[in-house]
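Shared between the two complexes below is chain A, which has chain B as its partner in the first and chain C in the second.
Our next item is the complex of A and B:
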């Protein structure tokens, strides 16, 4: 899938990635649920290089959060039992059902930010103490100085005083900054951010995205950002993986995904977003609803909603690389040529 | 011009917070002397960030809150003083669509009961067979099938539940629908379906829509006119196209600039800081503490609302000076030819599929 390094790839976040040092490579992640024929997450592969941001985009139920949880061994036990696949992390290979190996990665090598900071922070402890605790888990010392420094870096004014605040005393945007401080206090190699700005107002969202970008800039950290918002993707991504019903249907550099979208689901998703400028026309939506695990069709999982679907879509489409780094799992890719031929 | 659907003048709502024996309560001014007019048949949008008072304003418009001050006229009737028969008529004519289709439907009732309930209240003359037929008609109107009638809410997806909520709102035969974030809990592809549905219903039934949302792109898609709120006040309002191409108020400009993506402002975080507490708003212009153009005059008194040549109303002391320096929003970035062609193909295929689906349905039901 990732055949050749993309050199001199300029990200919107201001860093040129010149080396192709791979940080994460996830291969063939599959999550099975007992009693169901078709897996919940099916053969997902992703890779992230140092300094890059991979955006995993998709709608609810597409498996994007499950994928990130599987990566760090934090799936609920019922699902953890059905996991298979391989994780390459900075040269090491770990099987995804190896809980012990994954837990060693967590914390020190991986930082996490979730959508709702209020439910991820302990309401009964001061925020400074919570950040210091994250430091102490992996380092000697009490972590107080590091906590103050992190609060300063995430833009919280008067950090020495703010250390003593409880989470409820902070606004949503400030809480998310605290979460980021906690996730980054151990200088992780990988930051996983699961819908980090979804609960925030748009002006605060812009501040948080800028903050994550500035903390990453010039560094070696890779970021995996999970979102449903194509605007966020266009703003921050180096690479994009579009997920639908437990599979990656299209992946590639952000310019390829927006400039040359190939999978019908990617195109439908983009057509569903209303425009901010230009003429206002009726939205082209994606008809129907996402299939559940009970009603998952065989073959291409998007076939039940796809306007291009044909009988052969009952076979699983292979993921084909149509341009360097740009892969599409559709029988008809590249779309215009094949469809023009069919018509 | 015919009579306005909604006319609000100096509408205010403040809530008392705390207080007790020997301790005076504090006041939270959720809505602060708002004027607005909604014409019949138009879609009017209220946009703003959390805590700006947009939901309170919506609830005032159908008297789910009693206003602290000011007046609201709906279809010519002052609603602050009505009761009994007239209040019932208001409840029939004005209906609400809620944000969360998961918590706004009673999980123990079937769809037939959920949609039939408002029929019992507002059209008691229907017997149970006629009511069932009416429910089936309402479900068809929102794109659900009659066999859905005997199912429970948990059997539906988010988008379908929102359709049930809309069918329920339509049951009383309203003239005005107020949607508080009607599509923001839905996935993008489903959101587009519901946005289209609401537009169709408005045209078919001649409804007036008031939509409250925080998503500017959705607002632009749905509305004819927009009001932008900040800390309880409308800072800018006017025709949707004018607001989006020539935003004049610094807050409107900042909101548009903050939207991520190629179409958004692309300027990243143009505003520093956060919205001040509505318990203790800044003096004068509420926005001045975050405004890049704030000057001495802004701290003195509430800025008057002035009208620009593009038909928008702006509550800002310095909008003329700012307008001279600032320009319009740049034209949208061109999509690549490949993407454009792909989008076109998709629309064509969608239309073709729609047609065959319809033909098949008609074939099944001769």
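Our next item is the complex of A and C:
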């Protein structure tokens, strides 16, 4: 960073102010697997404020889903044993290996929806009953009225009658609406949506994203949306965290990530999206593949594929804040104009 | 469900309701329907035994010992002059009850243990599974005979013995099914809405492990009926003078040359009822198999 001390102070002050309405802050999430030197997820930090949508992007296997599962203590037991890190939730601090503490958040403070609406509902029970069950877990009363109300809010017609349907009587989009109703019936502070539209067709995708947006707009809810669809990110995100091989390589406001990507991986991702306008050119791609956990390089994990890699990249790059809220984990950030143009 | 609601559901989602699909497949399954008919006939006869115009199954008639089938005694009489038709129908009660009650015992013990083993895995699973395998290593009938001999001869004890002997199969089956169901997305989403483990076991795992258990139960009723007949044949089941097919066969074996009808009728009854349950079980398995469409 080349900024004056005074500017440095200002940005810090700015952040301190915004911290007050910070809903969750995940710090230093690390997931280790016994027998492997390098962790699967390495020092991930994220923060979401009320009313904001954080999109976590990255390719398959980069640790997006593990991060979200660690957040609510739902990792498979073998991975749960290797978890460390801290979760700040609405002022409380919870250690990420404290499953009991995390389980208290589930359903009440944090709602979650999954990728596969077709298989995420219990086929043995009516949908109304399943929503009511989520309500009863955390509240008095039978939850029937709340279930009807939630079905109405997620846009299911004739909710009183639909209450009595079994999951197999609904289409994929309808089931995802029911999942959202289940996740939100207790008015959670945070909704985690793990690729909620991947299994749906494009028109339904748009409807579901719009629905999540509209449910969030009224309240104080933060949304963590995990996706690998940059089109979705551009549409709904307030902030973006780009993950690569178990680390957050770049994070910041959506405008900064799309308009001024700084990490070579982010730049590669952005240029691999086909443009609708302009001359047709060969679609850019990031060369190579993600190294496996055994062959993961020390230091910067992107170094094996990075066009700018230098000997220095064998050291782990610190996450540097190059603009307010915009952090990049690269030794060369902020990028030289010349280099950025070359990329 | 009302007709309007059904109509509405089909309009919104062109997926046929699995429940009615299963019923449809079962109803269209000829051998299953034949099996169901056989089983129903025996169940109806057993239920109606007290009101049918039958001779007292325990009343000896010294004037009509070992009579061949006749107008007075359609199925003949046994060595004490008791009416064989009446004894066969009353005997159906013991056999069917033994079949159903022992399977109910096996399910009541086996399914919860299987669900627990499959869901929790690890040490819990290892302990339950090793015990199950130890029991499975013993042949079903030998185990049932050993237990019945240990408990003492009576129909109740025979049912308990058969039930316990049939339990390991249900533990095994349920465990495997529970492992599958535990990995389902809807169980993960149940965790995500914060449901407690007992609720997840009861409302998410249990109902979804049931279909194969149902098939196994139907087939095991057939084995249990044979086991009860075997135990009664050995004198470990139904005690005289109360009628039971196995006990009837036991007596009949001494008169095979002089009065073969004494052995034929209970033999046919056992054959038909076991065939009925097996056909029904096979049909249920086909109907519940999602791949057979």
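As a working rule, the second predicted complex is superposed on the first by the 316 of 343 C-alpha atoms of A that agree within 3 Å, B and C clash if a C-alpha of one lies under 4 Å from a C-alpha of the other, contacts with A are read in each partner's own complex, and residues count from 1 in each chain.
One rule holds in what follows: a contact is a pair of C-beta atoms (placed from the backbone, for glycine too) under 8 Å apart; a residue touches a chain by one contact, two chains touch by 3 or more.
Please read these numbers as outputs of a predicted model, since none were measured by experiment.
S.K.: Sharing chain A, do chain B and chain C clash or fit in the superposition?
M.R.: By the criteria stated at the top, chain C and chain B fit after superposition, with no clash.
S.K.: Quick check for you: in the superposed arrangement, does A:108 touch first (chain B), second (chain C), both or neither?
M.R.: A:108: touches chain C, not chain B.
S.K.: With both structures fitted on chain A, tell me whether chain B or chain C touches more of chain A's residues.
M.R.: Tallying touched residues of chain A, the top partner is B.
S.K.: Once the shared chain is lined up, is A:133 touching chain B (first), chain C (second), both, or neither of them?
M.R.: second
S.K.: Once both structures sit on chain A, report the angle chain B, chain A, chain C from C-alpha centres, rounded to the nearest 10 degrees.
M.R.: Computed angle, apex chain A: 80 degrees.
S.K.: For A:307, is the partner it touches chain B (first), chain C (second), both, or none of the two (neither)?
M.R.: A:307: touches chain B, not chain C.
S.K.: In the superposed arrangement, which partner chain does A:74 touch: chain B (first), chain C (second), both, or neither?
M.R.: second
S.K.: Using the superposition on chain A described above, determine whether A:59 touches chain B (first), chain C (second), both, or neither.
M.R.: The first partner, chain B, only.
S.K.: Just chain B (first), just chain C (second), both, or neither: which does A:268 touch?
M.R.: First partner only, chain B.
S.K.: Go through the superposed model and pick first if A:171 touches only chain B, second if only chain C, both, or neither.
M.R.: both
S.K.: In the overlay, answer first, second, both or neither for which of chain B and chain C A:123 touches.
M.R.: second
S.K.: For A:206 in the superposed arrangement: first (chain B), second (chain C), both or neither?
M.R.: First partner only, chain B.
S.K.: Can you give the closest approach of chain B to chain C, taken over C-alpha atoms and in whole Å, for the superposition?
M.R.: It comes out at 6 Å between the closest C-alpha atoms.
S.K.: Intersection of chain A residues contacting chain B with those contacting chain C?
M.R.: 171, 174
S.K.: Using the touch definition up top, name the residues of chain A that touch chain B in the complex.
M.R.: Within the complex, chain A contacts chain B at residues 59-60, 171-174, 201-207, 209-210, 228-236, 258-262, 264, 267-278, 280, 282-287, 289-290, 307-308, 335-336, 339.
S.K.: What residues on chain B touch chain A, complex-wise?
M.R.: It is residues 49-50, 157-160, 187-193, 195-196, 199, 214, 216-218, 220-221, 244-245, 254-264, 266, 268-272, 274-275, 329, 331-332, 336, 338-339, 341-343, 345-347, 349-350, 352-354 of chain B that touch chain A.
S.K.: Which residues of chain A touch chain C once you look at their complex with the stated criterion?
M.R.: 72, 74, 103, 106-108, 111-114, 116, 119-125, 133-134, 137-138, 158, 161, 164-166, 168-171, 174, 179, 182-183
S.K.: In their complex, what parts of chain C are in touch with chain A?
M.R.: The contact residues of chain C facing chain A are 1, 5, 8-9, 12-13, 15, 17-19, 184-186, 188-196, 199, 203-204, 207-208.
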